[in-house]
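So that you can tell them apart, the chains are marked A, B, C, D and E in the order they are listed, and the count of residues begins at 1 in each.
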Amino acid sequence: GTAEAAEKVSYRLKWLFNMSVAGDIYADVHQFFARQGLKVTIKEGGPERDAIRELELGRAQFGVASADQVIRAVSKGATVVVIAQLFQVNPLQWMYRTDRMKIERLGDLKGHTLGVTFGGNDEAILKTLLAKANLTENDVTLFSVRYDYTPFFKKKVNFWPVYRNTQAVFLGQKLRQAGEDFAFFNPADHGVRFVANSVVTSKTMLEKRPDTVRKFTVALLRGWQAAMDQANAQKTIKTLQQYDRDSTLETLQEQLDITRRLIHPKASIPVGEIDVAAWKQTEKIMLDQRQIPGPVNVERYLKAIPEY
Amino acid sequence: MYLAAQGLALKYPNTANYVFKNLSFKLAEPGFNALFGPSGVGKTSLAKIITGEIHTFSGDIRSKGMQTCLYSYNLERLPGWSSVGKHLEKITPPARRSRRDELISVFGLEELIGKRFSRLSLGQQNRVNLLRYLLQDFHLLIMDESLANVDELTREKIILKIKDMYPEAYFLYISHNVVEVSKLCNEIIVLRGGLKEPSATVVPGRNFMTGQEMERAELEQTMLEIVNASS
Amino acid sequence: MYLAAQGLALKYPNTANYVFKNLSFKLAEPGFNALFGPSGVGKTSLAKIITGEIHTFSGDIRSKGMQTCLYSYNLERLPGWSSVGKHLEKITPPARRSRRDELISVFGLEELIGKRFSRLSLGQQNRVNLLRYLLQDFHLLIMDESLANVDELTREKIILKIKDMYPEAYFLYISHNVVEVSKLCNEIIVLRGGLKEPSATVVPGRNFMTGQEMERAELEQTMLEIVNASS
Amino acid sequence: MLLHRRIYQFFIIYLLAVAFLFLIKYGLDLSDYVIPGPVDVWHTGTREFSRYFSDVMNTMMVAVIGQVISIFLALLVGITGRQATWIGSFTKAAAYNVQAYPIVALAPIIFILLGDGIISRLLIAAMICYFPLLLSVIGIMSEPISDIEHFYRVTGRMRWQLEVKIRAFENMNKLTTVVAGSATLAMAGTIVAEFIAANAGIGYSIRIALFQSDLAKILIALFLIGITLSVYQGLLEVIGYLIEKGWAAK
Amino acid sequence: MLLHRRIYQFFIIYLLAVAFLFLIKYGLDLSDYVIPGPVDVWHTGTREFSRYFSDVMNTMMVAVIGQVISIFLALLVGITGRQATWIGSFTKAAAYNVQAYPIVALAPIIFILLGDGIISRLLIAAMICYFPLLLSVIGIMSEPISDIEHFYRVTGRMRWQLEVKIRAFENMNKLTTVVAGSATLAMAGTIVAEFIAANAGIGYSIRIALFQSDLAKILIALFLIGITLSVYQGLLEVIGYLIEKGWAAK
């Protein structure tokens, strides 16, 4: 730290405190921000939260947003920039009962009832997958997914969108207890790499306070890296337990293991690396599905992360 | 059949004085009787004691054979959704239909039965209300200023008719008109207030019936007695 | 200052008959006047025409200098949140405080001013309500059965007091008591119903004042005139 | 005339609100993503109008049925709960308790019991709408009108139907106010139900628009909801007025 | 005594509801992840009790403030809207319209304008709770009590304050019923606000429990909400009773 008073910034998360924000919390609790001379207020996200709006309204200086949010915002003239990509693999995947369906190729989806959140990212992803497999919507039955899991529990639907590293762990535990077998369907395995959560800031921030942005990014990514380090597993879980009091230790451990594979799948790729090709594919998917009126060249809004 | 009160005393909570104290009377025979006395003396209160609406009195009230005591008063209303005639239709036991029609005519209500109650004049409302009570079963009917807003001629006609029609019933008529009660009532229970003992005296009335001759001097005598009794 | 009606006619919507037709009268001098007639003849309706509450009449109603006409009736209530005394306190102009106290005593309300209105007897409520109107500014005060539930003695005392106290005001007193209006009123407007023309005749009353001698024969003459006028 | 007024008053309110939003947008120089510009809203409006309109109609239909159900429910509970007896107070307690639970927490239980589909949507709409009705009905039904009831009581003619009729008639004004007003709640309730449960209706469309952070679509949806409801409510008021007139007339 | 009754009635209702759920569970042989078993619910209860209890208290506090605000709001709008004038009817139209919009659609706009934090939570709670109050207040306030008002009107003494006082006093019973009843709505409103704004209180906890599909936790939360509310409502009723007695006494 420096002798000067710490610089204050706000950081708006995308979702509630859970394993998906482990690194963010870790960076704060273990003084990564403080060491960069920053005092960061971490604000929990939620369904009605939109970090990009808050950047513009000046209520936050940094935030987490999903790629589709970023692309949509950019297409509507928001001046947002991506400074790091947290998930290398999108945690949004499908859980399915292996005794009810076998999926090796995309074509195997044919004839099944598939859970999808209309309007959500999973819809865009699933539709892209179906198109890739030359399946039309008549070849499958799409089931609208909402808050509750009853249709999945009651086996009315056996292919259900989940966040692999959080929800899927609770559900998996329940299914295992009931003696049911399940597996996950990861779109990336079939060539669809829709980008998930990224760290964003405003263009003004980047231009007027580049140093702050750099310090923030460095601290945050060091935090994430440390949190995802196998050696720090106990420390990470302890840290998170203070914020997520609804999950058991067992749950957290399992969640951490999975999160690590999504955030830091290969030692060669640093945590936070921006996967430009995946971003381009994401933009193309949204364009194909008319979620944006025209191309935005999203790569122009991606700022390569500094060395840390 | 009789109704008797013995040593009644009533005091409302949080008030200083007794409304009445040591009040006694007895109605031993059917007839048209009055409950008389200045405003605020306790007529309504006594009526409510008789019908059992007020319990917080002391003393004794006894009756024999008088199962049904009805209390009617001048502020009652009929529901607004249909005409007076239809309401009367509903509450008239079939056996009393002709009696109803007779009463309607004596009460001067023929032209009003198609109207809503709320469109009637005050005295018309009084009459309609009293009329429906007369079509019910009762041993004793208390009429608390039930004709207060009706003109004197109509009032007398109505009371005479009631006396003719219900020779077997007991009535307790509350009114502020000395002439009327003196002339038409059998017995007049004059209330005198809680400061005087006894709180009530009973004055015999002239009990005038349809077609009878009326002696003016006698009437004035009764009126005097009543006035003396209340002071 | 006067109030004059010329050829008034009134018919309520959806009714067959005129309440009155070609009704005329004039109140040219201050005084205590009556509006008299059988129940349902149209007294309340006429009162409401005078105060402007009913507009759907034909004919002419004219007045001079009579800006403030107040209409009071016997079913009014005072709000329930404080005592009668407190309410009177609020609506009494400071200059009339002593008048208020005088009236309270004549009206026989001294012991009640600490009570809530809803706890009063009917006649007590009548009196309290009339009293508050007397403390207001008015040129004409219409009293629609305002004392209907008060005993005759108190009523007379009250009316005499009003006559003494307000020699300059106009009153229109609606009552069903022939003796009372004959004795106490200056002029009696007798309504005769819509089937007769004219619908009203004016009978001079005895206009008895406090302390005067009363000739019985004269009074009976007036009563007879009134009875004749209404039939 | 009443109807007329409701509609143009709605326009004024909506325009004021949108103008206020635009003021903020241009005042703070916000991008179209935060608050959409007029052109964006207009284009969205012309593009989505017919689709959203049919969504709103769909929702409206459910809302109307839901309202009818909740009127019955409220009358039922209100009439039972009006008595100062144990069972009356118990009914009231039960009716209140159910209401205390936020629908979002009850929804999963409802879905387990009833499955998804129209029944759940209706139930949720009715639950949101019935409570205010219930409160009014209980208030009205538990207050005796002794001037009128006295006769029936002392002559042994009082039946609960008559009691209810008397009190309802004497409070007709209050009842029609509440019934007309509860239309908005039925609508809001249905939309919430669709938002959390259904695959149809404007609530569902709103949810998708929210997923896509598309405020322009939301503004259009709000416009359509508002105008439809104004018409419906105006109609209810006119009907209420006619009923009242008809009942009181001769 | 009232309070007493409220509480044990709540227990009965809750136990009946839970028993019904278990009946379905065992009747249809549903697995523990659809409906948790009694043991699971009991364990969850003992484990989460104190945390949820403090959450509920937190929510309750906001709800109480929200209720107070909405009582004021309802009185304000109700008093303005009682008049048959244009401005009266406009106020009413505005108040109704705002209500017609489902809170889920308005929430993003509220958050843009007010940010997160207690204000938004309060606003949402108040919005959900005030409307039923408003309906009652408008119904009551727009009906003249001419027996009492006549004097003040003809003598030129009528002020709006007096008019409001007269009508409120004569309808005290109805008003206290609605105010006590609206406590449940304030609570539900606050929970919904917490649910969608996700920052604190039992609504937030419910959101997480739903995310984890943990019905046992939801049952516990419902229990705590219900019991707290029963106490609060019982207290309100006792207070209302005392006020009424105090005002009418003497």
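To be clear about the criterion, contacts are C-beta pairs under 8 Å (C-beta built on N, C-alpha and C of every residue); 3 or more make two chains touch, one makes a residue touch a chain.
Quantities reported herein were computed from a predicted structural model and do not represent experimental measurements.
Trainee: If you walk from chain to touching chain, how few steps can bring you from chain C to chain D?
Mentor: Graph distance in the chain contact network comes out at 2.
Trainee: What chain lies farthest away from chain C once each centre is taken as the mean of the Cα atoms?
Mentor: Farthest by centroid: A.
Trainee: List the interface residue numbers of chain D and of chain E, divide the shared ones by all numbers used, and answer same when the ratio is over half, different when under half.
Mentor: same
Trainee: Identify the chain pair with more contacting C-beta pairs: B-D or A-E.
Mentor: A-E
Trainee: What whole-number Å value describes the gap between the mean CA coordinates of chain A and chain E?
Mentor: 37
Trainee: In angstrom, rounded to a whole number, how far apart do the mean CA points of chain C and chain E lie?
Mentor: Chain centroid spacing, chain C to chain E, equals 52 Å.
Trainee: Find the geometric centre of each of chain D and chain E from their Cα atoms only, then give the gap between the two centres in Å, rounded to an integer.
Mentor: 16
Trainee: How big is the gap, in whole Å, between where the Cα atoms of chain A centre and where those of chain C centre?
Mentor: Each chain reduced to its C-alpha mean, chain A and chain C end up 86 Å apart.
Trainee: Name the residues of chain E that each touch 2 or more other chains.
Mentor: 34, 108, 112, 207, 210, 250
Trainee: Among the residues of chain B, which ones contact at least 2 other chains?
Mentor: As it turns out, chain B has residues touching two or more other chains at 75, 115, 119.
Trainee: Provide the list of chain A residues touching at least two other chains, using ranges where the numbers run on.
Mentor: Answer for chain A, listing residues that touch two or more other chains: 48, 50, 53, 57, 147-148, 150.
Trainee: Which pairs of chains touch each other in this structure?
Mentor: A-D, A-E, B-C, B-D, C-E, D-E
Trainee: Chain C touches which residues of chain B in the complex?
Mentor: Per the touch definition, chain B meets chain C at residues 12, 15-17, 37-40, 42-44, 74-75, 108, 111-112, 115, 119-124, 126-127, 145, 148-155, 176-179.
Trainee: In their shared complex, at which residues does chain A touch chain E?
Mentor: 16, 43-50, 53, 57, 59, 147-150, 153-154, 166-167, 170-171, 174-175, 177-178, 245-247
Trainee: Name, in rising order, each residue of chain C that touches chain E in their complex.
Mentor: So the residues of chain C touching chain E come out as 51, 70-73, 75-83, 91, 114-116, 129, 132-133, 136.
Trainee: In the complex of these two chains, what residues of chain E are touching chain C?
Mentor: Going by the criterion above, the answer is residues 147-148, 150-151, 154-155, 157, 165-166, 169-170, 247-248, 250.
Trainee: List the residues on chain A that touch chain D in their complex, please.
Mentor: 48, 50, 52-53, 56-57, 68-69, 72-73, 76-79, 117-120, 144, 146-148, 150-151, 291
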